[in-house]
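Two complexes, one shared chain (chain A), two partners (chain B, chain C).
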Partner chain A sequence: MFGFFSSLDCSLDVFFVEALLNGVLLAGLLALLALGLNLIFGVIDVVWICYAELVMVGMYAIFYFVQVLGLPLPLAFLMGIGLVACAGTILHYLVIRPVLDQPPINQLLVTGGVLFLLQAAATMAFGIEFRNLGIRLGSVNFGDMSFAWSRIITFAVALGAMILLWQFLTRTYIGTAIRAISQDRQIMPLMGVDQKKIYLATSAIGGGLAGLAACLMVLQYDIYPQIGLQFGPLVFMICVLGGLGNMVGGFVAAFIIAQFITIGGSCVATEWGYAIAFLFFMLVIFVRPQGLFGAKS
Partner chain B sequence: MLDLKNIDAGYGAFQALFGISMQVNAGEAVAVIGANGAGKTTLMRVISGMLPASSGTMTMEGADLRMTPPHKIIELGIAHVPESRRLFPRLSVEDNLRLGAFIPSARAHFAERLDYVYGLFPRLKERRSQLAGTMSGGEQQMCAIGRALMSKPKLVLLDEPSMGLAPVIVQQVFELVRRIRSEGYTVLIVEQNVSQVLKVADRAYLLEVGRIVQSGSAAQLAASDDIRKAYMGI
Partner chain C sequence: MITQKHISWAIGLAVLLVLPLIIKQIFPGTDRYYLHLVIQILIWAFIYTGWSMMGRFGLTSLGHGAFTGIGAYVTVMLWNFAGITPWIGIPVAMLVATIAGVLVGYPCFRMRITGHYFALLTLAFTEFVRLCIVGLRDWTGGSLGTQPARYGDGLSLYAMQFEPNRVLAYYIVLAIWLVGLIIWVKVDRSMDRYALDAASQDEDAAASVGINVTREKLKITALSSAMCAFGGAIYGQYQMYIGPDTIAGLGVSLNIVFAVIAGGIWSLFGPTFGAVFTQVLAETLRVGLRGSETLSKLLGQSALALDTFIYGLLLVLFIIYMPKGVVGTLAERWKRKARP
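The block that comes next holds the complex of A and B.
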């Protein structure tokens, strides 16, 4: 018991600041993933429980484009984003659309089925080995603190993509329709909006965001068939914490959870980071079942 | 302009409209009056495609409405201000108006139409950034009508515009209806407030349990003893 606590090292020292800043960098990626899931849920009212597996597909696709086809990295990234965007629309068309009017549990389970399908397919195609592109971007030092470039780039690109998406949602007609549709689905046709097209566009954008996340993740993570399990539950939890479907709430929640993971991880032990984050989540949900920023339904 | 012949419609096994035939000519204001549950809102929903008719014919300037997908009907020049306004409560007034101009032909003239609607309803301009759901009932009705006008429609369908509003505001809403009439829009209006609506309409149809039982000029219907007794409390 005492041994456990003596390993706590939480003074406001350089390690703490480093963990805090690494938490901010991690939050960028988590916020990007949460944004995609929230967008889909907010518009279509279905949770893609297989969202992180779409990211995994994107990572393997990029790996394949670079290592097998020998394509340059930027092209592989663009093709990866396009491929996952297409995968998103196909997922909507083949799997979501037939169950749109069914109970939420059915919708959850069919996308859960896709999760296992994609994992199995990836294992068949690429085996269970950990793969990577061997990209080493190095790190930058501030005094005693060290930050990986891959994390800094990931944070900057994720933030940039979120700002771009926000501009799209607030400045364009389709973006405005995307924000409106969950507020009153039935009258969208009176505005001349074809609901099916909005759903397909949203699925493509949600898929594209997963593809972008895949580009960023191959910079710092190994690729393996179960990598979705490392992020999927975490991202789902962030969305619920922020209020499912609430894009701003998900953004804030990503920053909170990332701090629990990195500071908790550095103060106690890396393995404890996730557990502490989920413990915090449980306590919040007991008090606010609708999430931190969700409206009471 | 709008021509309905023998329209039947309903919800599942429940039939709500029986053989409705009616016309709205360009430049007219036509009222459909009747009690709660007579089928007035159903009629509006059938015209704008929210509810498919089960039989009969329905055309707008010759175009077959029953063959037109619901989201294409607004492109034929029909804008529907639905019952209880149905604004997007968590979008700003201006975003609500922007959605009114969603169709390609309206997008091209968005700035011009926005100026026009703000000129017609200066209150909306003052509240342009406010969330629509936080406005008063009368202002919301203004916004709902403004949203419909954004697409530069030929025919405006108004479904119970006075419903749920305080008596003072009801007067203002009928004033709004007079104004959009004087702007040259053709109007089809459904109302329970029979005495008020017959003052703004040229012609009227009386709907009872899904059937048109009387029609004529607004003055004729307002003078009818049956209508005065049953709907105007006189």
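The block that comes next holds the complex of A and C.
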């Protein structure tokens, strides 16, 4: 017990640098996950507790398309993104819309019910076994350090998606309307923006981002029904740390949290990396409840 | 004066007192199983009642899975590794949970973290405690869980172990559950309840009339976390097994919140109804599926998840159509009918 204290000698060696860079790569994925959730919160003012479960649905869908239907991988990816985008829209239409005028906490809890529903549905359809696509992309070596290609691709795609979304939000009419609604919910309908349409569009984009995250995650992780519980809390933590609804804040927070996890994980043990990250998060929120980059309300 | 209310209370209590005999008459041979079901319902009903103390005042904590976990693990760890009897272990565990609750609660209430932020922050706390339990696997058995060491034949006052004697276990948890209800009523009738009600409606207005909002919230948090820790400890003593998935962690937190929402968060028997509802639903589906060959063939081993599926679906429907829960909605209807 406490044997790990003896291994707490993380000097600036190769392993430390490797952990640091792996943290940066992980941060890309986490930032992408946080982005979708932040977009939805910023616009609709609802936290999808089941966000990570939507990613899980996407992962299973891709698995099904490839392994059972035998579709080529790129097509399966596209269909997966489309499917989760539809799921996001349906979620908003059937579940969120009826509770929009209820207390905020009920809106959060209702998506918690969806969390149980999706997890159970996945268990019923695919069982509790760990599944994967069996894709091995190999890794690239720099001296003594090695990085999995899947992680590098994930990082690049996540970064690309974020830039694309930013372009969409700033350059198109609907993107501008989305940003406007997130700034003032009451005034926008007076300006001739259909709030309902914007909410649906946002849900679809949020779902699509979850689908994209699913595509990237099947390259790295095994699929199992509880995978959402592994990533979900982490993503909420990043969103709150960056300031709920603040997309740039979420991006920075993802990098901070990812460093805690990978460096903590390589110095001590994976759980302790996570535990320290959660502790750090709580301490920061006690001092700055609005998050690191949130505006004081 | 003896009113109708007193009579129905007395009848209810009398039925509960002879329940083991009734169960023995109706289900000879399988009475142990049915008693087990009732005991589980009562333990969870106590924990749910403990949560609803905070939940009804708008403090929607997702951190109570951590308190039940602390209660169960501290008690069992003290017993297994230091030989300290649960008679001391449980109060220590409750103290630890209360301190943890206050440590998390104080900054939250001072900084006025409410709503989403409070829920997500307490969620992080649950994850933190679960990860600590898993991380200390040399003691706690990690994610596989652990068992309290059996003392003699497993029936002992000193070790507070009563699992083999189901009838005794029933009366113990019945008493605990009743104490939980009494605490609920005491809180409901106290001045603190009005202060907290006011604070949950409008914190500034409450503060302006002289309510110390932070202190009131801390008091209820301390009570609620101590109750949940006690419930978790009793769960461990009865079940003789504790694992991070069954008694600590986010899954437990969510179960607590949802069972109470389904039952009714503002009523005395709401949490208890939530416990009856969730436990009976899970057990009927499990037994029903095992009994029916066509269904189990159709669904295979994944039938295990059917109860969670229905549970999740019902929760969504409850929150959309019955945000006051079953007991709350029924009570409201009944009141409306009674009034001309």
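Assume the second predicted complex is superposed on the first by the 293 of 297 C-alpha atoms of A that agree within 3 Å, B and C clash if a C-alpha of one lies under 4 Å from a C-alpha of the other, contacts with A are read in each partner's own complex, and residues count from 1 in each chain.
The criterion applied here is as follows: a residue touches a chain if its C-beta (ideal position, glycine included) is under 8 Å from a C-beta of that chain, and two chains touch if they have at least 3 such contacts.
Only a predicted model underlies this, so the values are computations on that prediction, with no experimental measurement involved.
Is A:A177 touching the first partner chain B, the second partner chain C, both, or neither of them?
In the superposed model, A:A177 contacts chain B only, not chain C.
Considering only the touch criterion stated at the top, classify A:G138 as touching first (chain B), second (chain C), both, or neither.
neither
Between chain B and chain C, whom does A:M282 touch in the aligned arrangement: first, second, both, or neither?
Second partner only.
Is chain A touched at more residues by chain B or by chain C?
Here the partner covering more residues of chain A is C.
Just to be sure I read the superposition right, which of the two partners does A:F116 touch: chain B = first, chain C = second, or both, or neither?
second
Based on the superposed arrangement, let me know which partner A:D194 touches: chain B (first), chain C (second), both, or neither?
A:D194 sits against chain B, while chain C stays out of touch.
With the two complexes superposed on chain A, say which partner A:N106 touches: chain B (first), chain C (second), both, or neither.
Once the two structures are laid over each other on A, A:N106 reaches chain C alone.
Per the contact definition in the header, classify A:Q186: touching chain B only (first), chain C only (second), both, or neither.
Only chain B; A:Q186 stays clear of chain C.
Can you list the chain A residues touching chain B in their complex?
173, 176-177, 179-180, 183-184, 186-195
Can you list the chain A residues touching chain C in their complex?
1, 3, 47, 95, 98-99, 102-106, 108-110, 112-121, 123-127, 225, 229, 233, 236-237, 239-240, 244, 269, 271-272, 274-275, 278-279, 281-282, 285-286, 289
Write out the stretch or stretches of chain B touching chain A in their complex.
It is residues 48-50, 69-75, 79-80, 82, 86, 88-91, 95, 98-103, 106-107, 147, 151 of chain B that touch chain A.
Across the complex, what residues on chain C touch chain A?
Residue positions touching the partner: 58, 60, 104, 107-108, 111-113, 115-117, 119-121, 123-125, 127-128, 131-132, 134-136, 138-139, 250-251, 254, 257-258, 261, 299-309, 311-316, 318-320, 323.
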